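Each of the next two complexes has chain A plus one more chain, namely chain B in the first and chain C in the second.
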Partner chain A sequence: MSAPETANAVEIQGLTRKFKDKLALDNVSLRISRGRVFGLAGENGAGKTTLIKHILGLLKAERGTVRVFGLDPVARPAEVLKQIGFLSENRDLPAWMRVDELLRYTGAFYPTWDTTLAEQLRERFCLDPSARVKTLSRGESAKAGLLLALAFRPDLLLLDEPSSGLDPIVRRDILEAIIRTVADEGRTVIFSTHLLDEVERVADEIAMMFHGKIVLSGPLDEVKENHYRMVLRFETPLAVEPKIPGALSIRGSGQEWTLICNGGRQQTIEAATRLGGRVVAEETPSLDEVFIARAASNVSAPKA
Partner chain B sequence: MQLHVNTGDGVPIYLQIANQIKHLVGARRLVPGDEIPPIRVLAQQLVINPNTVARAYLELERAGVVIKRHGSGTYVSEQGSPLARKERLKILSQRIDSLLTEAGHLEINDEELFKLIRERSETLRR
Partner chain C sequence: MNSPSAALVWEIWHRHRNRLVAIGVAILGFALIYPRLCAFYGLRLDLPNALDAIPESQISERIKQGHPLTAIAEILTVLFLLLGPLACMLLSLLYLIWMFTFAEQDARKGFAVPVRLFRLPISTGFLVGWLSVVGAATITLVYLGWTRLVHLPRIDIFEGYPSLLIWLTLLLVAQALVWALDGFPVLRLLALSGVIFFFGFLAGPSIHDHPWLEQNRSSILLALLALGSASSFVGLHKIRHGEWQTWSWPGFLRARGAHRAAASTKSAFKSTARAQFWFEWRRSGQKVVLATCALSGVAYLIMAVVAAGVGVLSEGDTDGLALYLLAVPIFLHLVQGIMPERALPMFLAVRPLTSGEVVMTKLKVAGLSSALSWLVTMGLLAFVPLLGNLSGQLDPGRLLARFEHLPALLPVILVGVIFLTWRLVAANLCFGINHRWLKLWPVLSPYALLILYGLMVLYSGVSGFRHAVSITLPFVLGALVVAKFWLARRVFRVCLKRGWLSRSALFKYLSVWAALAAWFLVPTLLFMQREAEIVSIVLAIILLLPFARIGLAVLVVNVSRHR
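For the complex of A and B:
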């Protein structure tokens, strides 16, 4: 019996996971709507891959729940996995197979495999059908892996660091292929990355992870609008960092200090004024800056 | 149509696109009747989320710069011209605001600033 049509592709509630002494996931809750591109950002070791393994049903939730299209991936693995096109960071492809064999082999597992689409993708990615996987370059391997994830038209495309270790040209090709999928078919895409400018270009919604916790999540537009970078100038140089409540991070020296803040603009300005500073510049920070600031302060934002 | 997108910019991507297209219309590099690429094509070219392009196009429609014809694409609107002027002035206003703010930081007053603008204008015209 299949689950009723759900609005959410993935729903995670209070997920916690410990490996020996380390808390890999700390009370993680996420909701990813169908048809959206969701960017999961975080540095290596933040918990992104562990989270992805739970979505795939490779790990069972110790505490909390995981639902993919309304189903528990551990209880109903076949039904869930046939809806997920997964590209792992490791690109584990059988080294000895030829590309055309790999396509035929993988295609056999998926009733929804589209041979025509697979062939179109193979051509677009310029993959030689007779080449053995072990001779493929890093970029070609990534593209082959992506091809396998796309060709059976899964409802959910799950990509773990798809750009990892790739040069800018290949990265662009891969992103373009992902965009094409989204544009043509309105599929749900989840990709994890530490390359935040990719997230800025491509994601509808994002979540940032730090030490197993979600420190930020919400629609990309809102996240950007809620953060700002302010430069303060003080009449007399300051020997130590000014204490400004609401600032996620402060750096600078002497008379000029740069803050990254989240909300509470008026209070920040008032606090700065009380300390003898005035605002000389105010801009929207890049996601990189937001991430670094949040990691530095290790403060969770109220949910957007 | 050459557009570019800058992620660290601070200006939301959809607005960058809308502004650039308004610019092109204002500069007559796009004229009334010209077709602008379908959303998914532009999204692929620029490697950005199609929703972002959609939002830009919506903004352009709202501003009367483009018009969507059912089933056949999006075109620069015929009423392009008078609005183009308004858009051109708006774009310059934004630049003027930035200039005035910076002059303030550099402690250059309005008098000096206008004088400087006149000087530069004469130099450039030569």
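For the complex of A and C:
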């Protein structure tokens, strides 16, 4: 049975997953179009890796559905996995293998494995083919894992915390690999991270997770446009935090308060004025600030 | 917990409590039940050599009167009664020795002392001293439990084992080897194999054939104890400070390796199946064969050195070596079988492989490792007569002369031995599951069968019981065979329908199964057709060949892969 044609690389509908008493994923729904770079952001324990494992078919959905290129990754793992290049957060490569053995072994599973590309990447990443995995540094292990994920030109590149614990040079290599992958027509990248500056650099779309829920999702540009940081100055110092409807977070003391808001800009200004304040500065916040504000408020935004 | 000592005690208890409790239960169980069981069978434990009691016992009468197959079963019962408590004592003390090396599983070294210990504010001397002293105290306590509470039978082949000094020395020497050779896992395995064999030799009856060793045994042990203590400290100190934990190959070998590795990146496996076979072979199969070579080779080498010293080994020594060599591949595959993999590593789980391919590859690798392990064993056994004479029970020439059909049955026996060793792994793949009780089946099943047999022997004295068993056994076995095939059909249908197993893979396994069945059944029917229990024997052979379990293994791998 051939795979149904679909414009989406990944479709997740109403996905819920519990581990004993802990609700890891709470009614998560996502659509990731083909050819996009999708950033999945969230704090540690938000559910990013759990979501990725569902995409890989390593976890079975307790409720809801997961489809990768129209296929169920649990029912048809071999067909789905042939299209996914995966870099694990744990870099769990077999410690006893040499780099050359890693390439030979992994290449046998993918009909589209490009030996020339694999060799080019190996040289580019300066990986000694005779070195054993257990002797590789953290950065070298990450590069080796990335090489395995890229060398067969996957339709979907799935990276779980690719930059975790790595130096800026290795991070740069990984981000460049992402950009190069997308430059190949039709390829999709999903990467999870808690380093939001990386998301800002390369992602087209973003979803933020908090305690197993998607609290924000949409194209990156729209997310940034819909959020703003305002600095308010009040005539008289305020002893307590002002109550401003629509504010995701408010920080400050005395006369000067900074708030992060989304949508309803005019209503926010009017509310501040009623409390005796005025807007003295307004900027687009960074994704870090948006995420922290979202996490603090735990309020779902209207989809962009 | 308010001291490092208390913390270490807590950690050891927490990590090993189930097994420590099991040791305690075993000691109490044997203390309470064992003398009654022996009395029931007429075995006298107070004799200088408990084996001498066998001619007087009821079992001896049953062996004389019964069928040869029943006689074998009765002899196994005797062996269990005589060796059971001693075997449990040996295993429990060996386990305690391992426990107090404090080694944990390590991705890079196999087993290693955890580095986190060295980040704690405790000195190396304290750690070595604590592990040695507390280890010695625990071993002494368990040793006293076995020797004071349990009426251990006196058997000359085991007379040296109830010697506390041997166990304490083995503890310190094992600690020294595990710690001093932390960076050299292969060398460590060889050294540990040699030490265990040497200590077994020191504790066994063969020592009587070597007067110098016998007279100086205590001095040798004390010297080893002192050497072990010093080496333990040095070893742990070196691990802590990263000294001497690796070696460099000579330059020309490194260059050759680099050149070979660079060339191999351009070559490819001819198929996914070959790649997966290579992976499983390197991951597990090869290790079993290398362990066989190490354990058997070191033992042979030690006995060759002893033979070079004394001229010719005694029959006891030669028999002991032969039996040891025969036990090694069985033991290694048994250990592998009772610990089936409970979850596919992530690296493998994300490959485009079906669960059926994973299982079939494991079966092939287990078959190859069993065959090669026995090849190594047979090869070494062929050289054993060079060291000394074997007794009548083990000498091939005398055995061939005694049993007229043996030459014709040799190929069957050889394949049978390889098959049974393979089965130790293959039949337990389906228990690679994290279910609370099911995962214990591989460990508990031999005991369950022994208990079942024990109950049958217990009631065999009841009038009419034997006749009833001989009538019902074929039906029971027949029902089990029917259930086996029914379950296999159900499971394989599901696996095929869901694409977990391909038709070609199933067909190949069925072909192998049928070939094995024919290989064992044809000689059985030819040579044992007149036996009264021929039907039961044929059904038992069919039951022994794993069938439904293989389909269940595919199911289990699939479940663990997609939790």
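Everything that follows uses one rule, which is that the second predicted complex is superposed on the first by the 301 of 304 C-alpha atoms of A that agree within 3 Å, B and C clash if a C-alpha of one lies under 4 Å from a C-alpha of the other, contacts with A are read in each partner's own complex, and residues count from 1 in each chain.
In the analysis below, a residue touches a chain if its C-beta (ideal position, glycine included) is under 8 Å from a C-beta of that chain, and two chains touch if they have at least 3 such contacts.
In this text the structure is predicted, and so the values were computed from the model without any measurement.
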item: Touched partner set for A:122, first chain B, second chain C, both or neither; value: second
item: Most chain A residues touched (candidates chain B, chain C); value: C
item: Which superposed partner A:182 touches (first chain B, second chain C, both, neither); value: first
item: Which superposed partner A:86 touches (first chain B, second chain C, both, neither); value: second
item: Partner chain in contact with A:204 - chain B first, chain C second, else both or neither; value: first
item: Touched partner set for A:234, first chain B, second chain C, both or neither; value: neither
item: In the complex, chain C residues that touch chain A; value: 107-108, 254, 257-258, 260-262, 264-269, 271-272, 274-276, 278-279, 282-283, 345-347, 349-354, 498-499, 561-563
item: Residue ranges of chain A touching chain C (in the complex, touch as defined); value: 56-60, 74-82, 84, 86, 88, 90, 92-101, 103-110, 113, 115, 118-119, 122, 128-130, 134
item: Of all residues in chain B, those that touch chain A in their complex; value: 5, 7-13, 39-40, 43-44, 46-51, 105
item: Residue numbers on chain A that touch chain B, as the complex places them; value: 37, 172, 175-176, 179-180, 182-184, 197, 200-204, 221, 224, 280, 283-288
